[in-house]
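We just call them A, B, C and D in the order they show up, numbering each chain from 1.
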């Protein structure tokens, strides 16, 4: 795309203002994500109060240990992402590369464990729809539906994150990021931590519903 | 702003706190539960989210405007939840 | 007043700087992106208007036989979806907002120019998806997509249409996000919040609604789509789901969406009335605060769409009370506009004609909204033609009148040339007369009990429908006129010069059409807006 | 404006107990709105003329503080609005509070017809007969999508949500026949999902209740059959411009009917009789299984009359457009 005759000078007076503008833009986007997941949390909140017993039964069908392990994995990936961001601010590109790789691996582990849980649900005939075990408590199928929708949407956001990390890894290998110019890393960090926060709420709501 | 060793130490301690909270909420949920167990697990989740927001996402050292942008999403979510709940929880009250 | 030095005359305008197609399709200049949006949404307006014309033609006869029932259902769905998501929501924010926001706050461009262009492309992709859904057969669910009809019983191309709206929603979010950061971060030195023109306040409040409401539409359409594809979903009554949950989620977006449509129109009104009354706005802080409170309260009132939907009585009372609260700021703004006219020096140019049309029609629209907020009356009037008339008075009588008025008012700045005054005045009056002829009878039809979305109706509603259909012909003529004389004046109209209306405001300090960089060097603002010399 | 002259209720009969109160609230709103429109229009026109450019009127700024003016009209508007809110809410609460012990009529909404069942076990389609002066409770349910039970003359409307039993009630205060609309969009023939609420005074109601004076008594079987055809609302699916959700009945008698499961049956009298009584078993190829069973609903005499009418219908060539 050919820029107009004189390259459009940055609309900002200084880098500091540019940095805050980036943060404002990213946080506004995260506000939309909060409300995007919020629709599902509303559905969960309404149906859990309508079918409390079915939700408790549904929660027991989930694998508690895998859920807890997954939460720890995701918290770990958040740590490595935060470390990576701190390293690039010191200009240590190799340390950033290691942290990004660690984050990606932990993300992949999370998704693998999640896939195994989905398979386990399939094995127990708990997939919503025709295959659903007959005679289940009313609302149990709703819980399972909500479980798949919420964790599915979260997993989708993780996949998008892994894709972005692949791009960041390639850019970092080409030395694009310096202490002065590391906005993509910081912005992606906000996105990744946010996805982790969504899981921080999903975990108790889905796995820890008391008897 | 230079990343001092203190920043790294803060990151590690925050991670420790997060794992600690995870252990607590997992442990509490396996004990016999009462009416308090769901609010408690949500409280712990909020604490973990708050830690991630302030430390990992560096809301601590952002200007007030960025903090407002961070919280406005939750405020509107609260509007949606409370007013929708106003419908669902009063449906079967005597007219 | 501001002391900006106008850019050197030999600087080429944003139109003349480059004329290759690539320079338009790859532009990052907010002014060119505004024109891209102008062409796109005008096309969608014509498509939606054709659907409306066919509907009015069908309804001219009780046992209508112009189109089959199924085709009529697809027509009103097309009219609803295209007009709501592909014309009204983008209209003022993306055309006038994109063009004027940086100019009015003395900035060189929006905060994220690349994102601004991306939002137009996202809008076009969403539009193409919707067009594809229409061309291959259309959708027969109504623009509200209520489940379980939309997810289980509808046989149209619901998925493709929902995908189109889902994608267009992201364009809305991107634009809103861009404007919010622009207003916060790119105001010229001295341009404090209370020195912002009210149009900027309106665009800012609209952007907040766009960013905070549109995601809920996205999740609602996604869940409806999942339920349609998988045959099972969380709204499915067969497994204990609640169709009302869909309505709660849908209207949590869709009521703030109607404020996305009307708030920018209110911003345009404040600019036009102050200019042609040569007088400062009456009660600036109250006007600015009213805009914000409309945006805020707009999120609390969605339940008034569900009074008869077996929602709980107590929730109905709560939502009715909040709906009355949200209508107070709108009433205040009408009073303040009339207060601005008082003791002004008024010239009846075309933009003011549109503004006065807005005043009359928006007042009627607002008052009839009170009928629908009153619980007992809404039980009778809900889902009838009274509701159709109410929201057309607000969205078409208010939103579209202000949009066309704004296009005329800033036409000299956009094109550098003047529109033909006499033709424009005639068009404005034709639209006003045609509009009232078309929609006022529908209030009476609604009271008499004619439900909406009926293509065959009992004979006693016949005469009023004939009047309405005739009015639609007059309205169509009124809308066609600007489509002819505006493009013509874009190339052959008399040159307008930087400030033909002698208006205040930074956008009038630059040459028309403005250069790509808007201002030679960033202006400094020293006084409040609308600072017209005392009369 | 006619509304000013006569109270709106003489445009649309106020035929239920709550209707006058709704009309009262509505007239209050109408009066306030007309007052505001007149005042604001007059004020604006006065300002436009008096303060047009070049007129000699004084442009001295107002001496009264603007915040005082703002406060008055903010307060004034809020006060008026709250009055309307309280009145509306009061009447609404009365509408929604269903008196206990009312006679219950169950009405099921099904794509494009109202299926009415009385406590006596009697069943009707698209018609409800009630006695003047005795309020009834309508128990609403839906078998497919959301419909809405709307009787303008009674000023009542209640969405019929599938998966839920919802009730509304009305106290008929005026004899006559009032149209019942479906107000929530429910598909292709949403506009044909009409019904009648017939309010009969005591004598007519008693006659209807115990045997029911079938309209068209004593006329030729085909004519009586046509009345049954109309009463059951068969036209909603079997007729209509263009594609209809059910096979057209014109030109059917004497021809061959191809069933969904491939059977080819001679459309004789027996076929028509069986297809009416046991619809689902005789589903025609290419049509959805929406035909309800009429066994136990149609008295044998009605069935014979209906078949007679279908025969007469069958002889007219299919090309004649069926005018709904």
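What to note about this one:
Convention: contacts are C-beta pairs under 8 Å (C-beta built on N, C-alpha and C of every residue); 3 or more make two chains touch, one makes a residue touch a chain.
Since we're looking at a predicted model, the values are computed, not measured.
Taking the mean of all protein Cα atoms as the centre, the chain whose own Cα mean lies nearest is C.
Looking at C-D alongside A-B, one finds more C-beta pairs in contact between the chains of C-D.
Computed centre separation for the pair subunit B/subunit D is 50 angstrom, with centres defined by C-alpha atoms.
Between subunit C and subunit D the centroid-to-centroid distance comes to 33 Å (mean Cα coordinates, whole Å). If you average the CA atoms of subunit A and of subunit B, the two centres end up 15 Å from each other. Inter-chain centre distance (subunit A to subunit C, centres taken as mean C-alpha positions): 35 Å.
The set of subunit D residues touching two or more other chains comprises 93, 96.
Along subunit B, residues 65, 72-73, 76, 80, 84, 88, 95 each make contact with two or more other chains. Among the residues of subunit A, those in touch with two or more other chains are 20, 24, 28, 31-33, 35, 38-39, 42, 46, 50. For subunit C in complex with subunit B, the touching residues are 184, 212, 216, 244, 248, 252, 299-300, 302-303, 306, 311-315, 318-319.
Those residues of subunit A that touch subunit C in the complex are listed here as 1-6, 8-9, 11-12, 17, 20-21, 24-25, 28-29, 31-33, 35-40, 42-43, 46-47, 50-51, 128-129, 138-139, 141-142, 145-146, 149, 153. Residues of subunit D touching subunit C in their complex: 8, 11-12, 18, 21-22, 25-26, 29, 32-33, 36-37, 40-41, 43-44, 47-48, 51-54, 57-62, 66-67, 69-70, 73-74, 77-78, 81-82, 84-85, 87-93, 95-96, 111, 144-146, 148, 150, 152-153, 155-159, 161-164, 166, 179, 181-192, 194, 240-243, 323-324.
The touching residues of subunit C, counted against subunit D in their complex, run 63, 65, 68-71, 73, 140-142, 146, 148-149, 152-154, 237-238, 240-244, 277-278, 282-283, 286, 307-310, 313, 316-317, 320-321, 324-325, 327-328, 331-332, 334-336, 338-339, 341-348, 356, 359-360, 363-364, 367-368, 370-371, 373-380, 382-384, 444, 447-449, 451-458, 534-535. Every residue of subunit A that touches subunit B in the complex is listed here, in rising order: 20, 23-24, 27-28, 30-35, 38-39, 41-42, 45-46, 49-50, 64, 68, 71-72, 75-76, 78-79, 81-83, 86-87, 89-90, 189-190, 193-194, 196-197, 200-201, 203-205, 207-211.
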